[in-house]
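Quick heads-up: structures coming right below.
Below are two complexes that have chain A in common, paired first with chain B and then with chain C.
Let's turn to the complex of A and B:
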C-alpha cells in the first residue's frame, strides 16, 4: 500500500518536472533516448566486446611493476597495510589510545614502505629500477607530499619574514616554480641533476623524481599555507606575545597549527593533484601505473587494446583518489569538530 | 617603602600625521591598587596600557614596570622579562581556537616558565575553579559563551602568576547579561589585592573597584582623581561631559 503511493508520488513528480508541456516533453524524450543509447553501447562494450584479459592476466604488473615475482609479497604487504590503516582510520573502533597512535602509524608507513621495497636487513636488496606499478605511484605521492609539506611551511614563513633578503629569495623561488610547467621540472630532475652532481655521487631515478615533485609542489603548498597564515588575526600574535612566548614558540604553537588547519582543504587538493601528476613520469621512463599500462600495450599480444587498459587505469586512479579524498574529509572533520567559529 | 608597580614618565607616541596617541602621559600605579582608565574612543587609553607590556612602542618618555625600565628603543629582552610577570586580558578574549581551554591556560606556564605539565594543569584547574568554569576544561573556546571565554582569558593571564594585570575593555564585546560574571571575577581579584590597570566604560564597576581614575582625551591625561571625586564632582568640564554621555546611554 505504502509502496504504491510512493510510486504514484514519484510519477506525479516526474510528470511535473519532465513532461509539463510539449516542449519539455520533446527535450526529455530526446535526452532519454540519447542516455539510453549511450548506456546501451557502453555496457555492450564493457560486457561483450572488451577483452579484459589484458587486465586480468597482468594484475601483478599493474600493482608491482617488474618487482621480482617471489618478492612481490613485500610491496603487497605495504599496499595492504596502507589500505588497512585507511579502513581503521575511517571505520575503526573509537578507542582513545588508537586515535592517539594513528598519526604515528601513518608516519611509520613511509619507512616501512622504503624498507620493504629496498630490502636490506633480512630482505634481499632490490634496485629501484624494478619498482613499478601502483606501488611506485603511491610511493612517489607519499614521499613527495611528506617532503614538500615542511619545505612549503618554511617557504611560507620565509615569505612572511621581516628580513628582506630571505623574503625576496623565497618569493622568487615560489614565483619561478609556479611559472614553470611541472613536466619541465621533472625533465630537469631526470636529465640535469645528474649533470650538476659531482662525479661519484648518484641519486637514483625514483629519488630524482621525488625531489623534482617536492621542489614543484612545495611552492604551491607555500602559497596555500601563506593564505592560512594571513587569515590568522593579528590579535592571536598579540595574545601570545602578552603571555611571554617568544617568536619561535608563536610560530610553532600558534601560527603553524592554525594555518595548517585553514589550509587543509587546499593541501588535500595538492596531494590529489600530485597523485595524478605522478603519471607524467611515464613519459620520463619510470614504470609507474600509467607506465605499466603503456608497456603492456607495447606487448604484441595485447596490441590495440587501448580502451580496456585506459578504462581500467582510470578506475584505479579514481579509487585511490576517492580513498584520499575521504581520508582528508575525515581529517578535516576531526580537526574542525570543536571550532565552529574561527 | 613599597616600590610602585608602574611608573610612566612623559610617555609620548605620535603617528605620522602629527596626531598624538599619547601626549606626555605620566602616572604611577602602586602595589595592590586598581587604576581605572576612562575616556572616549580614540583617546589613547588602550594604547597606554598596551605600552605597559610592550605591545605598543612609544617615541619619548620612560616606563618602569616592576622595576624593569623600557624606553623608546623598545629593548626586546627587557620587554620579554616584563611580559613574564604581567598578564593581559583583551576585549576580544583572543583565546587560541585550536587549543582546548586547559591547553590555552597551560600553554605559557609550560613553554615560558618551563613548569611541569602536571603542575601547570593542576594550577589551571584551580584557576578555572576560581572562575567557576572548571567543568569546561576540555572544551574548545568556540563552545563557550563570551562571558565564559573572557573568564578563561583571565585564568590564562593569571596562570603565569602575574604581579600586574592589564584589562583592555574586558566587557565591551560581551552581551549585557554576561558582563556581570566577568566584572565579578575582576572584583574578586581586586579584593585579593591584585594590582590592576583596567580600561573600561562600566561606571558602577569603576566606582566600586578603583583606587584611582584616569581620564584621557586625545592622548592627554585630563584628570587623575579618586573615584569619589571623579564620579560625583569631576574637576574638569571634559570629564563631566563624558560622564553625562555615559549616563544617557546606560
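Let's turn to the complex of A and C:
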C-alpha cells in the first residue's frame, strides 16, 4: 500500500520535472535516447573492441616511470602511504590523538617521499631522470604547493605593505606572473634558469620544474590570500593593537590564520589546478603521467591505440582530482567546526 | 614605522634588489659569452626559412622572423577569438541547463562540468586531435554534400576550410572553457534573489520574457568579471597549441629558439606579445562592462 503511494509520488514528481511541457518532454526524451545509445556503444567498445593490453602490460610504467624494477617498492610504498593516509583522514576512527597527529603525518610524507625516491642512507641512490609516472606527477604537485604557500603569503603581505617600494615590486611580480601563460614560465624554468646560474652550478630538471611551478602558483595564491586579508575587518587589528601585540604578532596570530581560513577553498582549488597543470611538463620533457602515455604511444608495438591510453589517463587524473577535492571539503568542514568552537 | 625607518628600509631593499639582479645579469652575460650568442635583436630581420602550415596573411619561408612572429600572433588571436565565441555560447547553454527545471538536463550538465574540469586540458586537446580528428582516417565522419564535412583534413563548411589542428584546438579550448563559463553563469543566475523570479511570475510575465528582461540584466554585473578572467585563462591556455602542432605565437617562438638558440630574446618577445593580448582582452571586456552599466543607468 505504502509502496504504491510512493510510486505515485515518484511519477508525479517525474512528470513535473521532466515532462512539464512539450519542449521539456522533447528534451528529456532526446536525452534518454542519447544516454541509451551512448551507454550501449561505450560498453560494446569497452568489452569487445578496446585493446586493454596497452594499459595492463604497462601499469608499472604509468605508476613509476622508468624507476629501476627491483627498487619499485619505494615509490609504491610512498603512493600507498599517501592513499592510506587520505583514507584514514576521511573514514578513519575519530580518536582525538589521531586527529592531532594527522597534520604531522601529512607534513612528514614529503621528506619520506624524497628519501624513498632519492635513496641515500640505507637505500641505493637513484637519479631524478629515472623518476616518472604518477609518482613524479604527485611529487611535483606536493612539493610545489608546499613551497608556494609561504611565498604566496609573503607576496600577499608585501602587496598590503605600507612601504611603497615593497608594495609596487610585489604587485608588479603578481600581475606579470598572472598575465603570462604557465607554459612560458615552465619554459623559463627548463631553458633559461641554467643561463642565470653561475658556471658549474646545475639544478636538476625536476627541481627546476618545481621552482617554476612555485613561482607561477605563488602569484595566484598571493591574490587568494589578499582577498582573505581584505575581508578581515579593521576592528580586529585595532583590537590586537589595544591588547599590546606588536606588528609581527598581529600578522602571525591575527591576520594569517583568518586569511588562510577564508582563502582555503580557493587554495585547495589552486592545488587541484596545479595537479592538472603538471601535465604540461610532458611537452617540456619530463616523463610524468601524460609523458608516459606519450612515450607508450610512440612505441611501435602500441601505435594508434590512442583512445585506450587517453581514456585510462583521464580516469586516473579524474580519480586523483576527486580524492583531492574530497580531502579539501573535509579540511574546509574541519576549519568551520573550529570556528564554531570559539 | 616612522618616516625615517621607511626611507631607510626602502633604500635597503633597493640595494638588495639591484645586487641580486646584477648577479643574475652578470651570470647571464658570462653564459652568453661562453655559448657565443650575445644579446641582440638583429636576427629578427633575417629570413625565417621555415614554413607555416597556417597563416592569415601571405607568408613564405623567405620572409623575416619578425613577420613569422607576427603571423603567429595573429594565429593566436584567431584561435582565441573563435574559441571565445564558441565557449561563451556553449557555456551559456550549459549554465542555463544546469539551473533549469529539467532535472535530467541538470544532471547531464553537472556530469559534463565535472568530467571536463577534473581532467587536464592538455589531455583533452590531445584527445581531440589524435582521436577526434586524426583518428577519423580518410572516411568522412560527417558529410553533407558541399555544405559540411568533417574528416581528418579538418572541417569544411560552405567553402570555409579549417585545418584539423585548428579545429582540434578550437574544440578542446571551447569545451574546456565552456565548463568554467557555465559555472560562472550559474553563479550569476543564482546571485539574483528568488524574490525576483516570484515577482515577475506574479506580474504575469512569460518565463522567457522574465528571464530576458528581469533576471539576465541583474545577473550580468556578477557574470562579467568572472567571464573576463575565464577569457584571460582561455588566452593563456591557447599556448598549448604546440601539443597539437598549431603554429601559434608560443609554437613559433619555440621553433625560432630551436633554430637560432636565442632563448632570452624569444622569451622577451613572448612576454610582450602576451601582455599585449591580455591588455586587448581586459580592455575590451572593460568597455563591455561600461556599456552594460551605462545601459542600466538610463533605463
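Just so we're on the same page, the second predicted complex is superposed on the first by the 307 of 342 C-alpha atoms of A that agree within 3 Å, B and C clash if a C-alpha of one lies under 4 Å from a C-alpha of the other, contacts with A are read in each partner's own complex, and residues count from 1 in each chain.
Everything that follows uses one rule, which is that a contact is a pair of C-beta atoms (placed from the backbone, for glycine too) under 8 Å apart; a residue touches a chain by one contact, two chains touch by 3 or more.
As the structure is a prediction and not an experimental result, all values here were calculated from the model.
Engineer: Determine, under the contact definition given at the top, whether A:210 touches first (chain B), second (chain C), both, or neither.
Structural biologist: neither
Engineer: Quick one: is A:27 in contact with chain B, with chain C, with both, or with neither? Answer first, second, both or neither.
Structural biologist: After superposition on chain A, A:27 lies in contact with chain C alone.
Engineer: Taking the superposition as given, does A:246 touch the first partner, chain B, the second, chain C, both, or neither?
Structural biologist: Touch status of A:246: first partner only.
Engineer: Given the touch rule stated above, what does A:257 touch, chain B (first), chain C (second), both, or neither?
Structural biologist: first
Engineer: Of the partners chain B and chain C, which touch A:165 in the superposed model: first, second, both, neither?
Structural biologist: The answer is second: A:165 touches chain C but not chain B.
Engineer: Regarding the shared-chain residue A:188, is it in contact with chain B (first), chain C (second), both, or neither?
Structural biologist: Second partner only, chain C.
Engineer: Looking at the overlay, what does A:290 touch: chain B (first), chain C (second), both, or neither?
Structural biologist: Second partner only, chain C.
Engineer: If you look only at chain C, which of its residues touch chain A in the complex?
Structural biologist: Touch residues, chain C against chain A: 1, 6, 9-10, 13-14, 17, 24, 27-28, 30-32, 34, 101-105, 108, 115, 118-123, 126-127, 130-131, 135, 232, 235-237, 239-240, 242-243, 250, 254, 257, 263-264, 267, 270-271, 274-275, 278.
Engineer: If you look only at chain A, which of its residues touch chain C in the complex?
Structural biologist: Interface residues on chain A, with respect to chain C: 17-18, 20, 24, 27-28, 31-32, 162-166, 169, 176, 179-184, 187-188, 191-192, 194-199, 276-277, 279-280, 282-283, 290, 306-307, 310, 313-314, 317-318, 321-322, 325.
Engineer: List the residues on chain B that touch chain A in their complex, please.
Structural biologist: It is residues 53-55, 80, 83-84, 86-88, 90, 92, 94-98, 100, 107-108, 111-112, 139-143, 156-157, 160 of chain B that touch chain A.
Engineer: Where on chain A does chain B make contact in their complex?
Structural biologist: 235-236, 238-246, 249, 253-254, 257-258, 261, 338-342
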